[in-house]
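I'd like to ask some things about the structure below.
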(Lines give C-alpha, C1' and ligand atoms only; values in the text may rest on other atoms or scores of the structure.)
Protein backbone atom coordinates (compact mmCIF):
# COMPACT_ATOMS: atom_id res chain seq x y z
CA UNK A 1 0.00 0.00 0.00
CA UNK A 2 3.02 2.17 0.59
CA UNK A 3 3.42 3.54 -2.91
CA UNK A 4 0.00 4.99 -3.62
CA UNK A 5 -0.10 8.75 -3.70
CA UNK A 6 -3.24 10.16 -2.13
CA UNK A 7 -4.28 13.53 -3.52
CA UNK A 8 -6.17 16.12 -1.49
CA UNK A 9 -8.08 18.77 -3.43
CA UNK A 10 -9.33 21.61 -1.26
CA UNK A 11 -11.89 24.04 -2.68
CA UNK A 12 -12.02 27.21 -0.57
CA UNK A 13 -11.81 31.02 -0.66
CA UNK A 14 -8.56 32.84 -1.59
CA UNK A 15 -5.96 32.77 1.23
CA UNK A 16 -2.46 34.21 1.77
CA UNK A 17 0.71 32.23 1.31
CA UNK A 18 1.41 31.69 4.99
CA UNK A 19 -1.98 29.97 5.36
CA UNK A 20 -1.23 27.87 2.29
CA UNK A 21 2.02 26.72 3.91
CA UNK A 22 0.20 25.67 7.07
CA UNK A 23 -2.66 24.05 5.18
CA UNK A 24 -0.33 21.90 3.11
CA UNK A 25 1.86 20.96 6.09
CA UNK A 26 -0.99 20.03 8.41
CA UNK A 27 -3.34 18.34 5.94
CA UNK A 28 -0.39 16.22 4.81
CA UNK A 29 0.51 15.26 8.40
CA UNK A 30 -3.06 14.11 9.05
CA UNK A 31 -3.46 12.16 5.81
CA UNK A 32 0.04 10.69 5.99
CA UNK A 33 -0.51 9.39 9.53
CA UNK A 34 -3.95 7.88 8.85
CA UNK A 35 -3.19 6.30 5.46
CA UNK A 36 0.32 5.24 6.51
CA UNK A 37 1.65 6.80 3.29
CA UNK A 38 4.36 9.45 3.09
CA UNK A 39 3.74 10.86 -0.38
CA UNK A 40 0.72 13.17 -0.42
CA UNK A 41 -0.15 15.79 -3.03
CA UNK A 42 -2.32 18.77 -2.02
CA UNK A 43 -3.99 21.04 -4.58
CA UNK A 44 -5.33 24.31 -3.17
CA UNK A 45 -8.15 25.74 -5.28
CA UNK A 46 -9.03 29.38 -4.63
CA UNK A 47 -12.57 30.33 -5.63
CA UNK A 48 -13.53 33.98 -5.90
CA UNK A 49 -16.80 34.99 -4.16
CA UNK A 50 -18.49 35.50 -7.52
CA UNK A 51 -17.89 31.84 -8.45
CA UNK A 52 -19.36 30.21 -5.35
CA UNK A 53 -23.04 29.73 -4.64
CA UNK A 54 -24.41 28.83 -1.23
CA UNK A 55 -28.07 27.85 -1.00
CA UNK A 56 -28.86 29.51 -4.32
CA UNK A 57 -27.04 32.79 -3.88
CA UNK A 58 -23.59 33.98 -4.93
CA UNK A 59 -21.22 34.36 -2.00
CA UNK A 60 -20.52 37.85 -3.34
CA UNK A 61 -24.13 38.88 -2.83
CA UNK A 62 -24.42 37.26 0.60
CA UNK A 63 -21.40 39.26 1.80
CA UNK A 64 -22.86 42.53 0.60
CA UNK A 65 -26.03 41.90 2.58
CA UNK A 66 -24.07 41.18 5.74
CA UNK A 67 -22.12 44.42 5.35
CA UNK A 68 -25.12 46.68 4.90
CA UNK B 1 -30.70 12.53 4.79
CA UNK B 2 -31.52 16.15 5.39
CA UNK B 3 -28.11 17.34 6.49
CA UNK B 4 -25.90 16.24 3.63
CA UNK B 5 -24.61 19.07 1.52
CA UNK B 6 -24.56 18.23 -2.17
CA UNK B 7 -21.90 20.08 -4.14
CA UNK B 8 -22.29 20.95 -7.81
CA UNK B 9 -19.10 21.67 -9.74
CA UNK B 10 -19.72 23.15 -13.17
CA UNK B 11 -16.87 23.31 -15.68
CA UNK B 12 -17.69 25.75 -18.47
CA UNK B 13 -16.48 28.81 -20.40
CA UNK B 14 -16.09 32.24 -18.72
CA UNK B 15 -19.45 33.97 -18.13
CA UNK B 16 -20.60 37.34 -16.74
CA UNK B 17 -21.83 37.84 -13.21
CA UNK B 18 -25.52 38.04 -14.08
CA UNK B 19 -25.32 34.58 -15.66
CA UNK B 20 -23.49 33.30 -12.59
CA UNK B 21 -26.33 34.56 -10.40
CA UNK B 22 -28.91 32.75 -12.52
CA UNK B 23 -26.82 29.59 -12.77
CA UNK B 24 -26.42 29.34 -9.01
CA UNK B 25 -30.07 30.15 -8.31
CA UNK B 26 -31.53 27.72 -10.83
CA UNK B 27 -29.11 24.81 -10.41
CA UNK B 28 -29.73 25.01 -6.66
CA UNK B 29 -33.52 25.03 -7.12
CA UNK B 30 -33.34 21.89 -9.25
CA UNK B 31 -30.94 19.98 -6.98
CA UNK B 32 -32.68 21.09 -3.82
CA UNK B 33 -36.07 19.92 -5.08
CA UNK B 34 -34.86 16.53 -6.33
CA UNK B 35 -32.58 15.64 -3.39
CA UNK B 36 -34.97 17.11 -0.83
CA UNK B 37 -32.03 19.00 0.69
CA UNK B 38 -31.87 22.75 1.21
CA UNK B 39 -28.12 23.28 1.53
CA UNK B 40 -26.39 23.14 -1.83
CA UNK B 41 -22.94 24.47 -2.72
CA UNK B 42 -22.20 25.42 -6.34
CA UNK B 43 -18.65 25.98 -7.63
CA UNK B 44 -18.45 27.69 -11.02
CA UNK B 45 -15.20 26.89 -12.84
CA UNK B 46 -14.33 29.16 -15.77
CA UNK B 47 -12.02 27.57 -18.34
CA UNK B 48 -10.29 29.76 -20.91
CA UNK B 49 -10.49 28.51 -24.53
CA UNK B 50 -6.78 27.65 -24.50
CA UNK B 51 -7.31 25.20 -21.63
CA UNK B 52 -10.13 23.16 -23.13
CA UNK B 53 -9.76 20.46 -25.75
CA UNK B 54 -12.64 19.05 -27.76
CA UNK B 55 -12.00 15.96 -29.88
CA UNK B 56 -8.25 16.57 -29.84
CA UNK B 57 -8.18 20.29 -30.59
CA UNK B 58 -7.96 23.36 -28.36
CA UNK B 59 -11.19 25.30 -28.25
CA UNK B 60 -9.11 28.37 -29.09
CA UNK B 61 -8.10 26.87 -32.42
CA UNK B 62 -11.57 25.61 -33.25
CA UNK B 63 -12.97 29.11 -32.78
CA UNK B 64 -10.39 30.64 -35.08
CA UNK B 65 -11.34 28.26 -37.85
CA UNK B 66 -14.99 29.12 -37.52
CA UNK B 67 -14.23 32.85 -37.77
CA UNK B 68 -12.11 32.61 -40.91
CA UNK C 1 -18.74 29.53 -28.16
CA UNK C 2 -21.28 27.05 -29.33
CA UNK C 3 -19.11 23.98 -29.39
CA UNK C 4 -17.76 23.89 -25.85
CA UNK C 5 -19.17 21.10 -23.75
CA UNK C 6 -19.81 22.18 -20.18
CA UNK C 7 -19.59 19.36 -17.66
CA UNK C 8 -21.60 19.30 -14.43
CA UNK C 9 -20.32 17.06 -11.65
CA UNK C 10 -22.77 16.63 -8.80
CA UNK C 11 -21.58 15.09 -5.54
CA UNK C 12 -24.55 13.93 -3.46
CA UNK C 13 -26.10 10.98 -1.60
CA UNK C 14 -27.30 7.82 -3.42
CA UNK C 15 -30.61 8.37 -5.27
CA UNK C 16 -32.97 6.21 -7.31
CA UNK C 17 -33.01 6.15 -11.09
CA UNK C 18 -36.13 8.26 -11.51
CA UNK C 19 -34.46 11.08 -9.57
CA UNK C 20 -31.36 10.67 -11.71
CA UNK C 21 -33.49 11.11 -14.82
CA UNK C 22 -35.00 14.32 -13.49
CA UNK C 23 -31.69 15.63 -12.22
CA UNK C 24 -30.00 15.19 -15.59
CA UNK C 25 -32.93 16.61 -17.53
CA UNK C 26 -33.41 19.70 -15.38
CA UNK C 27 -29.76 20.54 -14.66
CA UNK C 28 -29.11 20.33 -18.39
CA UNK C 29 -32.06 22.60 -19.21
CA UNK C 30 -30.77 25.24 -16.80
CA UNK C 31 -27.13 25.09 -17.93
CA UNK C 32 -28.04 24.88 -21.59
CA UNK C 33 -30.25 27.97 -21.39
CA UNK C 34 -27.76 30.10 -19.44
CA UNK C 35 -24.60 29.13 -21.36
CA UNK C 36 -26.40 29.09 -24.70
CA UNK C 37 -24.86 25.66 -25.38
CA UNK C 38 -26.79 22.50 -26.23
CA UNK C 39 -24.22 19.83 -25.37
CA UNK C 40 -23.96 19.30 -21.63
CA UNK C 41 -22.50 16.31 -19.81
CA UNK C 42 -23.70 15.52 -16.28
CA UNK C 43 -21.84 13.12 -13.98
CA UNK C 44 -23.81 12.01 -10.91
CA UNK C 45 -21.55 10.91 -8.06
CA UNK C 46 -23.21 8.93 -5.28
CA UNK C 47 -21.40 9.11 -1.94
CA UNK C 48 -22.26 6.62 0.80
CA UNK C 49 -22.85 8.13 4.28
CA UNK C 50 -19.60 6.63 5.55
CA UNK C 51 -17.60 8.57 2.96
CA UNK C 52 -18.96 12.05 3.67
CA UNK C 53 -17.95 14.27 6.57
CA UNK C 54 -19.90 17.33 7.65
CA UNK C 55 -18.29 19.65 10.20
CA UNK C 56 -15.88 16.93 11.32
CA UNK C 57 -18.26 14.01 11.64
CA UNK C 58 -19.19 11.18 9.28
CA UNK C 59 -22.69 11.53 7.89
CA UNK C 60 -23.25 7.94 9.02
CA UNK C 61 -22.70 8.92 12.65
CA UNK C 62 -24.78 12.08 12.43
CA UNK C 63 -27.73 10.05 11.15
CA UNK C 64 -27.50 7.57 14.00
CA UNK C 65 -27.68 10.37 16.53
CA UNK C 66 -30.76 11.82 14.91
CA UNK C 67 -32.50 8.45 14.96
CA UNK C 68 -31.88 7.73 18.65
CA UNK D 1 -16.04 35.18 4.82
CA UNK D 2 -17.62 33.11 7.55
CA UNK D 3 -20.32 31.46 5.47
CA UNK D 4 -18.33 29.87 2.69
CA UNK D 5 -18.21 26.10 2.87
CA UNK D 6 -14.82 24.73 1.91
CA UNK D 7 -14.93 21.24 0.46
CA UNK D 8 -12.08 18.75 0.79
CA UNK D 9 -11.98 15.90 -1.71
CA UNK D 10 -9.48 13.20 -0.82
CA UNK D 11 -8.57 10.58 -3.42
CA UNK D 12 -6.90 7.59 -1.75
CA UNK D 13 -6.99 3.79 -1.35
CA UNK D 14 -9.90 2.00 0.39
CA UNK D 15 -9.79 2.39 4.19
CA UNK D 16 -11.86 1.11 7.14
CA UNK D 17 -14.51 3.15 8.87
CA UNK D 18 -12.47 4.00 11.94
CA UNK D 19 -9.84 5.63 9.70
CA UNK D 20 -12.60 7.51 7.88
CA UNK D 21 -13.81 8.89 11.20
CA UNK D 22 -10.34 10.13 12.09
CA UNK D 23 -9.66 11.49 8.62
CA UNK D 24 -12.85 13.55 8.61
CA UNK D 25 -12.36 14.79 12.17
CA UNK D 26 -8.73 15.81 11.77
CA UNK D 27 -8.85 17.22 8.23
CA UNK D 28 -11.80 19.34 9.33
CA UNK D 29 -9.96 20.60 12.42
CA UNK D 30 -7.01 21.70 10.31
CA UNK D 31 -9.06 23.36 7.56
CA UNK D 32 -11.46 24.96 10.02
CA UNK D 33 -8.63 26.52 12.06
CA UNK D 34 -6.70 27.85 9.05
CA UNK D 35 -9.67 29.19 7.06
CA UNK D 36 -11.47 30.43 10.17
CA UNK D 37 -14.62 28.68 8.91
CA UNK D 38 -16.63 26.10 10.86
CA UNK D 39 -18.56 24.41 8.07
CA UNK D 40 -16.35 22.01 6.13
CA UNK D 41 -17.48 19.16 3.87
CA UNK D 42 -15.13 16.21 3.32
CA UNK D 43 -15.64 13.68 0.51
CA UNK D 44 -13.58 10.49 0.84
CA UNK D 45 -13.00 8.80 -2.51
CA UNK D 46 -11.81 5.20 -2.37
CA UNK D 47 -9.92 4.06 -5.47
CA UNK D 48 -9.31 0.36 -6.04
CA UNK D 49 -5.72 -0.61 -7.01
CA UNK D 50 -6.84 -1.42 -10.54
CA UNK D 51 -8.04 2.14 -11.08
CA UNK D 52 -4.88 3.99 -10.02
CA UNK D 53 -1.76 4.39 -12.13
CA UNK D 54 1.57 5.52 -10.74
CA UNK D 55 4.34 6.39 -13.20
CA UNK D 56 2.63 4.46 -15.99
CA UNK D 57 1.73 1.28 -14.13
CA UNK D 58 -1.44 0.13 -12.38
CA UNK D 59 -1.07 0.06 -8.60
CA UNK D 60 -2.40 -3.51 -8.78
CA UNK D 61 0.58 -4.60 -10.86
CA UNK D 62 3.12 -2.71 -8.75
CA UNK D 63 1.87 -4.50 -5.63
CA UNK D 64 2.19 -7.90 -7.23
CA UNK D 65 5.82 -7.22 -8.07
CA UNK D 66 6.60 -6.18 -4.51
CA UNK D 67 5.03 -9.38 -3.18
CA UNK D 68 6.97 -11.74 -5.44
CA UNK E 1 9.76 22.09 -12.19
CA UNK E 2 10.88 18.48 -12.00
CA UNK E 3 9.24 17.52 -8.76
CA UNK E 4 5.62 18.45 -9.34
CA UNK E 5 3.31 15.47 -9.70
CA UNK E 6 0.66 16.02 -12.35
CA UNK E 7 -2.53 14.10 -11.76
CA UNK E 8 -4.81 12.93 -14.57
CA UNK E 9 -8.41 12.15 -13.66
CA UNK E 10 -10.30 10.38 -16.43
CA UNK E 11 -14.09 10.11 -16.19
CA UNK E 12 -15.38 7.43 -18.56
CA UNK E 13 -17.49 4.26 -18.84
CA UNK E 14 -16.49 0.99 -17.10
CA UNK E 15 -13.62 -0.80 -18.89
CA UNK E 16 -11.71 -4.08 -18.42
CA UNK E 17 -8.35 -4.31 -16.73
CA UNK E 18 -6.31 -4.71 -19.89
CA UNK E 19 -7.67 -1.39 -21.16
CA UNK E 20 -6.88 0.19 -17.80
CA UNK E 21 -3.28 -0.98 -18.13
CA UNK E 22 -2.97 0.57 -21.58
CA UNK E 23 -4.74 3.77 -20.56
CA UNK E 24 -2.41 4.34 -17.62
CA UNK E 25 0.71 3.46 -19.59
CA UNK E 26 -0.07 5.63 -22.61
CA UNK E 27 -1.60 8.65 -20.85
CA UNK E 28 1.46 8.72 -18.60
CA UNK E 29 3.85 8.54 -21.57
CA UNK E 30 2.12 11.50 -23.21
CA UNK E 31 1.93 13.66 -20.09
CA UNK E 32 5.41 12.76 -18.95
CA UNK E 33 6.94 13.71 -22.31
CA UNK E 34 5.09 17.02 -22.63
CA UNK E 35 5.47 18.22 -19.03
CA UNK E 36 9.02 16.88 -18.77
CA UNK E 37 8.04 15.22 -15.48
CA UNK E 38 8.41 11.52 -14.69
CA UNK E 39 5.98 11.16 -11.79
CA UNK E 40 2.38 11.09 -12.99
CA UNK E 41 -0.67 9.80 -11.11
CA UNK E 42 -3.70 8.60 -13.10
CA UNK E 43 -7.12 8.05 -11.49
CA UNK E 44 -9.57 6.08 -13.63
CA UNK E 45 -13.19 6.83 -12.72
CA UNK E 46 -15.78 4.36 -14.02
CA UNK E 47 -19.27 5.81 -14.35
CA UNK E 48 -22.24 3.49 -14.81
CA UNK E 49 -24.67 4.44 -17.62
CA UNK E 50 -27.32 5.42 -15.08
CA UNK E 51 -25.02 8.06 -13.60
CA UNK E 52 -24.12 9.89 -16.81
CA UNK E 53 -26.31 12.38 -18.62
CA UNK E 54 -25.69 13.52 -22.17
CA UNK E 55 -27.72 16.45 -23.49
CA UNK E 56 -30.36 15.97 -20.81
CA UNK E 57 -30.83 12.22 -20.99
CA UNK E 58 -29.33 9.34 -19.01
CA UNK E 59 -26.85 7.31 -21.02
CA UNK E 60 -28.83 4.25 -19.91
CA UNK E 61 -31.94 5.53 -21.71
CA UNK E 62 -30.06 6.62 -24.82
CA UNK E 63 -28.62 3.11 -25.20
CA UNK E 64 -32.03 1.51 -24.93
CA UNK E 65 -33.34 3.66 -27.75
CA UNK E 66 -30.47 2.72 -30.01
CA UNK E 67 -31.08 -0.98 -29.39
CA UNK E 68 -34.77 -0.89 -30.21
CA UNK F 1 -21.28 2.81 -25.85
CA UNK F 2 -20.34 5.09 -28.66
CA UNK F 3 -22.04 8.23 -27.43
CA UNK F 4 -20.53 8.64 -23.98
CA UNK F 5 -18.14 11.56 -23.71
CA UNK F 6 -15.15 10.76 -21.53
CA UNK F 7 -13.65 13.79 -19.82
CA UNK F 8 -9.97 14.05 -18.93
CA UNK F 9 -9.02 16.56 -16.24
CA UNK F 10 -5.29 17.13 -15.95
CA UNK F 11 -3.92 18.97 -12.92
CA UNK F 12 -0.38 20.19 -13.60
CA UNK F 13 1.93 23.22 -13.59
CA UNK F 14 1.41 26.18 -15.98
CA UNK F 15 2.52 25.39 -19.55
CA UNK F 16 2.73 27.31 -22.85
CA UNK F 17 0.12 27.07 -25.57
CA UNK F 18 2.13 24.82 -27.86
CA UNK F 19 2.37 22.22 -25.10
CA UNK F 20 -1.37 22.55 -24.49
CA UNK F 21 -2.00 21.80 -28.16
CA UNK F 22 0.12 18.65 -28.00
CA UNK F 23 -1.34 17.56 -24.68
CA UNK F 24 -4.91 17.80 -25.94
CA UNK F 25 -4.12 16.12 -29.27
CA UNK F 26 -2.18 13.21 -27.81
CA UNK F 27 -4.25 12.54 -24.68
CA UNK F 28 -7.33 12.47 -26.90
CA UNK F 29 -5.71 10.04 -29.35
CA UNK F 30 -4.87 7.65 -26.53
CA UNK F 31 -8.26 7.83 -24.80
CA UNK F 32 -10.17 7.72 -28.06
CA UNK F 33 -8.36 4.59 -29.22
CA UNK F 34 -8.70 2.70 -25.92
CA UNK F 35 -12.33 3.61 -25.16
CA UNK F 36 -13.37 3.33 -28.81
CA UNK F 37 -15.06 6.74 -28.48
CA UNK F 38 -14.39 9.74 -30.68
CA UNK F 39 -15.71 12.56 -28.50
CA UNK F 40 -13.29 13.38 -25.69
CA UNK F 41 -13.18 16.58 -23.62
CA UNK F 42 -9.88 17.61 -22.01
CA UNK F 43 -9.70 20.24 -19.26
CA UNK F 44 -6.17 21.54 -18.54
CA UNK F 45 -5.84 22.91 -15.02
CA UNK F 46 -2.78 25.07 -14.36
CA UNK F 47 -1.73 25.21 -10.71
CA UNK F 48 0.72 27.88 -9.57
CA UNK F 49 3.62 26.63 -7.37
CA UNK F 50 2.13 28.34 -4.34
CA UNK F 51 -1.05 26.25 -4.63
CA UNK F 52 0.54 22.80 -4.79
CA UNK F 53 1.90 20.86 -1.84
CA UNK F 54 4.16 17.83 -2.18
CA UNK F 55 4.87 15.77 0.94
CA UNK F 56 3.84 18.64 3.21
CA UNK F 57 5.67 21.51 1.53
CA UNK F 58 4.59 24.10 -1.02
CA UNK F 59 6.14 23.54 -4.43
CA UNK F 60 7.22 27.18 -4.30
CA UNK F 61 9.37 26.52 -1.25
CA UNK F 62 10.83 23.29 -2.61
CA UNK F 63 11.99 25.10 -5.74
CA UNK F 64 13.71 27.81 -3.74
CA UNK F 65 15.71 25.23 -1.85
CA UNK F 66 16.84 23.57 -5.04
CA UNK F 67 18.02 26.88 -6.46
CA UNK F 68 20.13 27.86 -3.44
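When the chains are written out, they are named A, B, C, D, E and F in that same order, and each has its own residue count from 1.
Keep this in mind: a residue touches a chain if its C-beta (ideal position, glycine included) is under 8 Å from a C-beta of that chain, and two chains touch if they have at least 3 such contacts.
Just so it is clear, the model here is predicted, and its values are computed rather than measured.
Enquirer: Work out which chains are contact partners of both chain B and chain D.
Expert: Intersection of chain B and chain D contact lists gives A, C.
Enquirer: If we look at chain C and chain E, which chains touch each of them?
Expert: Where chain C and chain E share a partner, that partner set is D, F.
Enquirer: Could you label the chain A-chain B interface same or different, taking same to mean over half of its residue numbers are used by both chains?
Expert: Chain A vs chain B: different; shared/all numbers falls short of half.
Enquirer: Of the pairs C-E, A-D or B-D, which one shares over half of its contact pairs with E-F?
Expert: Selected from C-E, A-D or B-D as the counterpart of E-F: A-D.
Enquirer: Please state the rotation angle, between 0 and 180 degrees and to the nearest 5, that superposes the Cα atoms of chain D on chain F.
Expert: 180
Enquirer: So which chain is the furthest away from chain B, centre to centre on CA atoms?
Expert: Relative to chain B, the chain whose C-alpha centre sits farthest away is D.
Enquirer: With centres defined by CA atoms only, which chain is the most remote from chain A?
Expert: With centres defined by C-alpha atoms, farthest from chain A sits E.
Enquirer: Counting in whole Å, what is the centre-to-centre distance of chain C and chain D, each centre being its mean C-alpha position?
Expert: 19
Enquirer: Quick check: how many Å separate the C-alpha centres of chain C and chain F?
Expert: So the centroids are 24 Å from each other.
Enquirer: Hey, what residues on chain F touch two or more of the other chains?
Expert: In chain F, the residues touching two or more other chains are 5, 7, 11, 23, 27, 41, 43, 52, 54.
Enquirer: Assign the assembly's chain-to-chain touch graph to one of these shapes: line, ring, star, complete, other.
Expert: Its topology fits none of the listed shapes; call it other.
Enquirer: All pairs of touching chains?
Expert: Chain pairs that touch: A-B, A-D, A-E, A-F, B-C, B-D, B-F, C-D, C-E, C-F, D-E, E-F.
Enquirer: Taking the touch rule as given, give the residues of chain C at its contact with chain B in the complex, in rising order.
Expert: 1, 3-13, 15, 19, 22-23, 26-27, 30-31, 34-35, 37, 49, 52, 54, 59, 62-63
Enquirer: Under the definition above, what is the set of chain B residues touching chain D in their complex?
Expert: 5, 7, 41, 43
Enquirer: Over in the complex, which chain B residues touch chain F? Could you list them?
Expert: Per the stated touch rule, the residues are 11, 47, 50-58, 60-61.
Enquirer: Where on chain F is chain B touching in the complex?
Expert: So the residues of chain F touching chain B come out as 17, 20-21, 23-25, 27-29, 32, 38-46.
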